[in-house]
Structure formats: structure tokens, C-alpha cells
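Two complexes, one shared chain (chain A), two partners (chain B, chain C).
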Partner chain A sequence: MTTAAIEFRGVSKRYRFFALDDVSFRLEPGQILGFVGPNGAGKSTTIRILMALVRQDAGEVEVLGCRMPEEQVRAKWDVGFVSEEMRLFAGATLDWHLGFVRSFFPGAWDDRYAGRLLQRFHLHREQKVKGLSRGEQVKAALLLALARRPRLLVLDEPTAGLDPVARQEVISELMEVLKDEERSILFSSHNTLDVEQISDQITFIDRGRIVDSGDKEAFLERWRRLSLELPETIALPELPGVVDVARSGQTVVVTANAFDDELPAAYQRAGAEVRDVQRMTLEEIFVATVMHNRKEHGE
Partner chain B sequence: MTRSRRSILGRLIAKDFYLYRWLILATLVAGVVSLVLTRFDDGDGVTTGPNFGFLLFLTTIIAFGVSLPLLVLKEHQSRSELFVLSLPVSLGQYSFAKVAAALLAFLVPWTALTFGVVALTALSPEPDGGLPFFVAMMAFLLGNFCLLTALTVITRSEIAAIAGILVTNVSVTLFLVQLGKIPGIAGRSQDAVATWSPQILTVLAIELAVIVLSLSLAFYLPSRRKDAV
Partner chain C sequence: MYLQIVEQIRRRIALGDWLSGQEIPSIRALAVSTRVSVITVKRAYLELEHEGVITTRQGKGTFVSENVQLQQDLRDRELDAHLAKAADVGRELGLGIKDLEQRLREVVRKKEGNR
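Let's turn to the complex of A and B:
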């Protein structure tokens, strides 16, 4: 088994009004994991534990083979981290920041790449951070993380609060970076459009628990929404893989998380007319997963 | 301490010195200007220059001693500390470097002004009797800075910092009034030679103890913290 870029095993962290509960997941080298959850789901807490900003109460965390938080300094040599709440030093120029980060990574720092990113992001070395817009600050932080050529990129809601153009620029640059198949990325967001664009693995988190995890294409493939017509006198059979049934008169909308061709056939045999079978967007899948999970836990 | 750990701490301290550079320079300039002002005495009992100079000197050191801990707090509150902690730096190293940088930054003007005044007074033909008062006052200001720094980095609370500023500022006046009454200091400012009485040495020893205790807590407790945020 290869060393995972990130491995969480039974990680818990308890606060007064929130608890991260038995979180386990694994990110393989070269993969891009979209870490999706509503606000307050535990995404940032998970990432803080991952970056050793917060110590877990229980469980084990390994980043690039280093135990966290004990071996955090060794791990961080190969990790680039950008967070929505992170701020650069307002009174210093971008050039000073470049020099500061470069001094930590004299071997790995790629000055030419940093120059290219400056141009691409329309940033100037002489600019003071306090003169940058929010979008430019995110790009600057991303530049500082990318130019050191890390093996693992951890991005905590990097596109939050950006206008659509700035968001697309950041996503495009990330797509460019993804060409390097050795680099792993953990991309946390509540914006499923961003996640859908760049991720190949998806993990959903809600109320401190991982609610589903898997390959993005497999996710999109196994979730379907079926529109049925069914006489009101006939009961809809309970079938495996169905997570939600909404019935209004003769119209029934069924949401399934384990769709195969047998499902519409089974409904037809039960006397229903299958009007439509729709693929679902990641956002719809995310909402359905969260709602189903909450219902299962009686929340 | 390993070489790489020293090197990381060195970079973090250098970073803070860069960010504090204008503040350090302004304090040095204001300190020197205020000391020059204390010399403007026309000799016929008019002491506006010396009084203003002394007040400006005190204000400069106090303001500098308050600004540094507040800047440390600001880095935490503005989340710039997350940027630093994204680098190969542990929370312990970061906390240690913050206190070390603030202390060293404070010591630059403090040392220059304290030793400058002591050396100039000792070398000049003017009376040295006021030196114990001056040294005790400077040590008190250093102690206040260390206390405030410890309070700020341990609590990371704006309210605690403001309360600390109020208490330490009020304590300066009380301390100076009481210091002036101590035998060996009272009425000795015009003596040709400084008298280091047992009482003044006791005051200095207490100040030293406060400094050592505050710094020990400021270095130790935050480095044991488990969570940065």
C-alpha cells in the first residue's frame, strides 16, 4: 500500500457546541479530493487538525507519512495551505512575502513559476497587501503556496467571497496545477460547482460526520431522480437504494443513490409509468445526501 | 536547539523586526529628542524643557511597550498567524519567536536609551545622584512591558490586554511617587555620586524577578498550547 497523501483514522474533536465525530478518510497521491459540506459542517475543523493548527482529542492523522501534530514541521515542507480566513501581512509588499516564503524553501522555490503566476494573476511585486482586493489576496496566497511546488495542496474554501471572474481564475490555475499527477489536493468548499470542476474524489461532511465518500464519476453515475406516474390507489414498493420519495397526487419523484436499470423496471412492474430519469448535479446529490443522513439520524 | 530550529526562529524574528522597523526607529528618535529636551534648562528655575522632555521620554517608552504586545495580538486576530503556520513552523516555535521578537524589539530602544543616559551621565561632570532613580524607572518600564506581553500572549484577549494597559500605566505614576520617597533616592538627585542603597537594590531585585517570571510564563505557556485557533 502506498503512503497516503492524507489519512484520517477515527478522528474526533469536541467543542462546547460542536463535535467532529470519528472522521476517517484517505487521499491517495495524485488525487484531488473535494471536501464538501454546509457551513459549520466541520470542514475547517478537519483541515485545522490536518494542518496541526488544532490537536485532535482522539484518532490518528497522517500527512505524507508524517504523524500529526507530532511531525508537523517535516510534513509542512511539502504542504501548501491556503485558507479563506488566512491573511497576509497588510503593511508588507508582495515582494517581501515572496522573499519570506522563499527563505523557508530555498531548494524547492520556483522563482520563474512565481513570476508566471504574478503575471497570470495580474499582481505586482511592489503592491502592498493592504492595497489588494479580496480576490487578489487569495491569488497572492495561492501563488505563495504554489511556487514552492508542494506535493500536497490543502485549500480551505479558497474561492469563498470571490467574484465569479476571480473564482474562475483561481479554479483555472488549479486545473493547470492538476496536470502534475504527483500532486494531491484537498479542496474544501460548500460550492459544489467549483468542486465538481476540479475534483476526482468527493467526500461529504455534515454536522461533524462524514456522510458519504467516493469517486466523483461513480457518485454522478449512481444518483438519479425518477419521475413516475402512479394511480393513488397503488402503493409504491420500497426498493433498495431509494433515499427519498416525494408524492403529490399521481406524481411521484423518487431519488435513488444506487441507481441501476433494474430500478425503473421494478417500478414499471409495480404499475407505475416512468416518465423521466434524470442525472443529478453534484449540488443536488450533496443536498439529498445531507438530508437523507439527517433523517436517518433523526435530526 | 538544532541548527534548523535556530534558523526557523531566526527567520520568524527577522520577519517581526521588519514589520516593527518603523516603530523601533520612531521610538529611538522620540527617545533621543526627549532626552535632548531635558537639557533645555535656562538655569533660572524654569523647568519646562526638562519636564516636557521627561514626560515625552516616559510616554515614548510606555507607548512602545504597549504597541508591541498589541501588534502580537493583532497578528493572531487578523489571522496572519495562519499564513506563518502554513510554513514549516510549529505552534511552539511560532509562539516562542513572537515573544522573543517583541522582547528584542523592545530592548533595542530601551537598551540604547538606558545605557546612553547612564554612560553620558557618568562621563559628564554633572551630578550622578539621579542615576539609581533612572535605572529603577527603566527597569520598571521593562517589567511592565514583560508583564503586558505575558498577559497578551497567554490570554490572547483584547479585553485582558486593555485591562493590562490600564493597570500598568497607572502603576507607573504610583511607582515613581513611591520611588522618590525611598531613602538613598529622596533628595539625592544633585549628589555628585550615585548611591546604590540596599533599598534601591531591593527594588531592582524585585523588578528583575517580575521580568524573569513574566518572560518565563510568556515563553512557556503559549508554547504548550494545543490549538492555534
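Let's turn to the complex of A and C:
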């Protein structure tokens, strides 16, 4: 088995009002993992543990084959990290920042790539950070992480606060990184559109627990929404793989997370007419997963 | 989402942008250029391979299948899909097959009149 870009095994961290509980997931080299959760779900805590900014109470974390936090210095040579909270020096120019980061990573820094990114992001070396918009600051921080070509990029909400055009610029650059089969990206977001577009793997987190994790296409494939028509006198059979049933009069909307062709056939045998079978967007799947999970845990 | 990629590739072949026997971009290259995840493109390629539209030769790359019928087949399939949609709408409007035929005739006549 190849070394994972990231591996979490049973990671827990307890705070007074929040706990990260038994978190496990894996990111393969050459892939993008979209880490999705509502606000306060534990995305940032997970990323802080991943970056060894916080030490886990239990469980193992490996980044590019290095145990975290013990071997963090070795790992971090090859990890680029951008978070929402990160601030650049307001009074300094972009050029100063480029020189600053280059001085730490003289071997890895790619000045031509940095120049190309400046152009693509419509940024100028002479600009001072305090004159940049929020979106431009995000792009600048991303540029500083990209230009030293790390094997792993960890991005906490990279597209938050960006307008749609800037978001596509950033997404394009993230995809460029993936030309190299050895480089990987983890990015957290509550924007499911971005995640649906570029992720290979998806991990959903809610209230400190991983609620689902897997290959994006497999995810989209197993969820469906069925519209049925059924006389009110007939009971709907309970079938496996169904997570939600909403009935109003003769109309029934069924949400399934383990769909196959047997499901509509079974409803038909029970006397229902299947009007429509629809695929779901990642956003709908995410909301359904979280709601279903909260109900299961009686919350 | 992979269905959109499948459709895009079918169109490129149907329109002759990609010719039979021609090498097409690798999964990763197409993912980067269309800004869609690698896994989605992989899924689309599998589907197209399954349908016989493209062929992957180990270590050599992916090619449009050597099938002269392909373009015609794809256009036929496209036509069938449009007709199926028209039939659905017709049913919703309560039109019979005769009404539909009549409507199609009118559309064709109007198009020819415009030329």
C-alpha cells in the first residue's frame, strides 16, 4: 500500500463545550478531499490537529508518512497551509511576502510559477496587503502556499469570501496542482458546489463526528429522491436504504442512500406508482445525511 | 456530474472534433482542463469504454474507437433522446400519436419554409 497523504485513525479531542469523536479518514496521493460540515462541526479542529497546532487526546495522525505532532517539522517542509484566520503583514508589499516565504524554502520555491500566479490572480508585487480586498488577500495567501510546490495543500475554507469569478480562478489553480499525480489537496468548505466540482473524495462531518466518507461518484450514485403516488389507505412498506419518507395526501417523497433498481420495483409491487426518480445534488445529500444522522442519535 | 462529461465527449465525437482512432486526453489532463475532479472523469471514461465509444490501451493512452458507424450512431441516439422528451411532454399535454405526428410535420415544414 502506498503512503497516504493524510491518515487519521480514531482521533479524539475533548474541549469543554465541544468534542471531536473517533475521527478516521484517509487521503490518497493525487487526490482532492473535500471536507464538508456545517459551522462548528469540527472542520477547523480537525485541520489544527492535522497541522499539529493542537495535540489530539487519542488516536493517530500521519501526514506524508510522518507521525503528528512528533514528526511535524519533517512533514511541514512539504505541506502548504492556508486558513481563513491567517493574516499577512498589512504594511508590507506582496513582493516582501514572496521574499519572506522564499527565504524559508529556498530549494522548493518556484519564482516563475509565483510570477504566473500573480498574473492569473491579477495581483501586483508592489501592492501593500492593507490595500487588498478580502478576496485578494485569500488569493495572495494561496499563492504563497502554491509557489513552493508542496506535496500536500491543506486549505481551510479557501473559497470563503470570494466572488464567483475569483472562486473559479482559485479552483482552476487547484486543479492545475493535480496534474502531478503525487500531489494532494485537502480543503474544507461549506460550499458544496465547489466540493462537488473538484473533489475525488468527500468526508462529511457534523457535531464532531464523521457522518459519511467516500468516493464522490459513489456518493452521488447511491442517493436518489423518489416521488410516489399512493392511495392514503395503503401503508408504505419499510424498505432498506431509505432514510426519509415525507407523505402528504397521495404524494410521497422518499429519500434513499442505498439506491438500486430494486427499490422502485418494490414500491410498485406494494401498489405505489413511481412518478419520478431523481439524482440529488451534493448539497441535498449533505443536508439529508446530517438530518438523518442527528435523528439516529436522537438529537 | 459524470453524465455531463459523457455527454460532452459524445458531442465532440459526433461533431467530428475527435475522430475515430484519435488519441484523447488522459483522465487527469481532461480533469484539469475541464476543472472537474479526476474521479468524475474516470467514471465518465469507464462508461464510454463500456459503451464501446472509446478504448484504453494499457500504457498507450485512450482513443476514440475505430468504428466508422460511431458518428452516425451518436447522432441517432441524440435524435432518439429528443424524441423521447417530446413524447413525454406530449403525454403530459394529453396529445395522441396522431397529434404529435402532425406537430412534427408542422415543425419540419416551417423549418423548410425558412430556408
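The rule is simple: the second predicted complex is superposed on the first by the 299 of 299 C-alpha atoms of A that agree within 3 Å, B and C clash if a C-alpha of one lies under 4 Å from a C-alpha of the other, contacts with A are read in each partner's own complex, and residues count from 1 in each chain.
Convention: a contact is a pair of C-beta atoms (placed from the backbone, for glycine too) under 8 Å apart; a residue touches a chain by one contact, two chains touch by 3 or more.
Since the structure is predicted, the reported quantities are computational estimates derived from the model, not experimental observations.
Under the clash rule set out above, the superposition-derived model of chain A with chain B and chain C shows the two partners fitting side by side. Once the two structures are overlaid, the count of chain A residues touched is higher for B than for its counterpart among chain B and chain C.
Contacts of A:Asn39 after superposition on the shared chain: neither chain B nor chain C is touched. When both complexes are overlaid on chain A, the residue A:Ile171 reaches chain C alone and has no touch with chain B.
Once chain A of one complex is fitted onto chain A of the other, the partner contacts of A:Ser248 are absent, as it touches neither chain B nor chain C. In the superposed model, A:Lys216 lies in contact with chain C only, and not with chain B. In the superposition on chain A, A:Thr233 makes contact with neither chain B nor chain C.
For the pair chain B and chain C, the least inter-chain C-alpha distance in the overlaid model is 26 Å. Shared contact residues of chain A with chain B and chain C: none. Listed in rising order, the residues of chain C touching chain A in the complex are 1-2, 28-29, 31-32, 35-40, 42-43. Listing the residues of chain A that touch chain C in their complex gives 30-32, 168, 171-172, 175-176, 178-179, 181, 196-201, 215-217, 220. Across the complex, chain A meets chain B through its residues 48, 51-55, 69, 72-74, 76-77, 79-83, 85-92, 96, 100-101, 103-104, 141, 145. Residue ranges of chain B in contact with chain A, taken from their complex: 8, 11, 15, 18-19, 78-80, 82-83, 85-91, 93, 226-229.
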